[in-house]
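Below are two complexes that have subunit A in common, paired first with subunit B and then with subunit C.
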Partner chain A sequence: MTGVRSLGVVLALAIAPAALAQSSTADEIAKYRAALQDGNPAELWEIRGEGLWKAPRGPKQVSLERCDLGLGPGVVKGAYARLPRYFADADRVQDLESRLVWCMVTLQGFTPAEARKNPFGNGSAARSDLEALTAYVASEAKGVKMDVPLDHPRELAAYRVGEKLFYYRGGTHDFACATCHGEEGKRIRLQDLPDLATAEGARAAYTTWPAYRVSQGELRTFEWRLYDCFRQQRFPELVFGSDAAIALTVFLARNANGAPFSAPGIKR
Partner chain B sequence: MGDPMKIRAAIVGDETEVKVLMSHEMETGQRKNAKGQVIPAWFIQNVTVVWKDKTVLSAQWGTAVSKNPFLSFRFKGGAKGDKVIVTWVDNRGDRRTDEALIA
Partner chain C sequence: MMRYAKLGGAALVAIVVPGCASAPGDERSAAEAAAALHASFRPAGQVGLERLDQDDTQRACSAASGKPPPREVAAKIEAANLATVRYPADGKLIGDWKNGEKIAQDGRGKQFSDDPAGPVGGNCYACHQLAKSELAFGTIGPSLYRYLERRGNTVETQRYTFAKIYNSEAFAACSNMPRFGYKGILSEQQIKDVAALLLDPASPVNQ
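And now, the complex of A and B:
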């Protein structure tokens, strides 16, 4: 018995410094992000995205300046903070990326396959126009309060599906989004994970995407974040612009309502 | 020719602070692709910043500088509305020049 008890003491002692190291690591990562915030390379994507938005492109040689992101044709300012939402013309709930694809197809005459090309970029070999456009539109919503509507029955339905997906356990690892993101104080390696089931956690997470990932040298969108979470969970591939991807986005974006939008951010 | 740079220049006290964000792959020549072939080095070699026909910064860079580099420095002098011209040249001979007015 004595042996067991002393082992307990040793373990308790061993855990305390580890917990300390954990919190100071998070502080250091926060400092690192703050240092990088000035001169965030995401701005390079914003500039390119603005150029793409205003340039006449596609078979019809028109710009996206007539594209309705929910606030009327051509209104970019603040649009990202009110997405996803239901669009009557497409008869579908759309997030920004799927809306951009819709506009590129209907306004500019691209084929759906052309419009969806390279949703996630890979260096200069495969640059993503969608990531650049998303960065530009998101940057125009900086400081705007998140206000994702749930007025239309389809929006509400998407929210419910998103919620279900968030808690749905499956795959080879029997994981759900909630396995890592449904509790306070979870982490992967040294990265603290937000509890996305709470408004506080969803706000902190959702309002900082899209973001420049330093480790990848790429700007990543929220669709990429979901896509990669699915990969990490060993789920089937989350198809770009699919109803599932949009439903999850509605659930998380809606939970972030009320918080000022502050992306494009910068991440490790 | 690369993508445009983002340049900001502002008066701070009696100095001008210049901040430049450049778009470049900055390949080190140490990485390999999926087929195991070396990806050739490709990086910005020279950076010059000119203000009023005077070179206020001249730098030689190597492969240790990150992708999409950010450069920040200060020089004495400079007045509101002056032009600051930044040029980079990479090891392939590609170059890019952009300018900004001091705010």
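And now, the complex of A and C:
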């Protein structure tokens, strides 16, 4: 763990903005990401997640290998590219993270609070099993075309709510998702911003989460991405697995349909 | 916050979205979205759930879904927000550009992770080019480099600049720029200082 974190520090220093001319910064970061794809530290989370998936755990001492992620019990391959979706047993649209919690509760016998513990990791002090499991399942969808369904009325309703939330202004600063992610070719400071309301922008962004964040030395999930965007929007704290989190995920994942899934990625 | 609530009630109550020709399904989605939001957040740090409650400007701009609102709606938004601008009682519109530069660089404030005691910045560089020496600037807003040369050093420019920072929606309905004075993000003195960053001939913005 310490090794990974100090690696992150070294890499972060290696791309200090001052060392790079502004116009080429995005190119340099792209090159740097490409160079790291061979040795993405996200693999450490994927390996740990695979172990967690297959190990007998919880009061019932069973593995998650009977967990149905939408393609049948135990089918992991490609599942992430078809989520979120409606699950009849839960009578809810679920993203991967909320589906994992569901399986940990119903199959393994964890309490919901235990299953949701540490949704976002914080170094070795608080490792996140959910992030590791998400990294593993996501890695098993690499190269699979995004194919998020809107066939069920609840899926369609979630998409429409997600779209409304994308444009919902609030808080002290009047920020909505669309404030920063509603126009092509814009930046905050030096960070390029995708236009997430377009297929092109959603594909480029959604298919690269979860991702190893070099600046944090952590693997981060899409739920984390939403959580931290809302923090910066000056909104209150987004509840893990909440309706708003899932509706926005449906909106963005569906907009990315057709693109090959390529996460876990690596980001600054 | 008290002041904001009072102003909100008095000045902004008049904005309506006339003939917002949305389908019934669309209105249902909006209602569901509002319900989903309120059930999906919890208070944290200095941020309570009231941050999710929209005022009339936020509601009208959200309904426009990222597009410019209809012209008559835009005119109402701008008039209502212009009425909220409180110019300094001492008549002085320009402060200290050096402090303005610090405010422009500082992105802290009002997040649940921030110290409620401050400081609070304006984070102008997140979206605007200002001093030429700062290369890490965003592009959501226009470049403000050489603002003085472009706008002219007149009392009208000073009044416009103060008011634009105080409440950007007074001049551009559904602007992406926060309403720094009206929403109590920056103090009157901080707004004067940022205005100085733009308008003081000695400011690096004008070099």
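A few points about this structure:
Heads up, the rule we're going with is that the second predicted complex is superposed on the first by the 245 of 268 C-alpha atoms of A that agree within 3 Å, B and C clash if a C-alpha of one lies under 4 Å from a C-alpha of the other, contacts with A are read in each partner's own complex, and residues count from 1 in each chain.
Here, a residue touches a chain if its C-beta (ideal position, glycine included) is under 8 Å from a C-beta of that chain, and two chains touch if they have at least 3 such contacts.
All of these numbers come straight from a predicted model, not from anything done at the bench.
Per the definitions stated earlier, placing subunit B and subunit C onto a shared subunit A by superposition produces no clash, and the two fit side by side. Once chain A of one complex is fitted onto chain A of the other, the partner contacts of A:190 are limited to subunit C, with no touch recorded for subunit B. By the touch criterion defined above, A:165 lies against subunit C but remains apart from subunit B after alignment on the C-alpha atoms of chain A. Contact with subunit B, but none with subunit C, is seen for A:123 once the two complexes are overlaid on the shared chain.
Of the two partners, subunit B and subunit C, it is C that touches more residues of subunit A.
Once the two complexes are laid over each other on the shared chain, residue contacts for A:217 go to subunit B alone; subunit C is not touched. By the document's definition of touching, neither partner reaches A:72: not subunit B, not subunit C.
In the superposition on chain A, A:43 makes contact with subunit B only, while subunit C stays out of contact range. By the touch criterion defined above, A:231 reaches subunit C but does not reach subunit B.
Superposition on chain A leaves subunit B and subunit C with their closest Cα atoms 13 Å from each other. When the two complexes are laid over each other on chain A, subunit A has no residue in contact with both subunit B and subunit C. Of all residues in subunit B, those touching subunit A in their complex are 3-4, 6, 19, 21, 23, 25, 66-68, 70, 72.
Put simply, subunit A touches subunit C in their complex at residues 17, 22, 157, 160-161, 163-165, 167-176, 178-180, 182-183, 185-191, 193, 197, 230-232, 234-239, 242-245, 247. Those residues of subunit A that touch subunit B in the shared complex are 38-39, 41, 43-44, 47-48, 123-124, 214, 217. Looking at the complex, you find that subunit C touches subunit A at residues 25-26, 29-30, 32-33, 36-37, 39-44, 47-49, 51-54, 57-58, 61-62, 64-66, 110-113, 125-127, 135-140, 169, 176, 178-179, 183-185.
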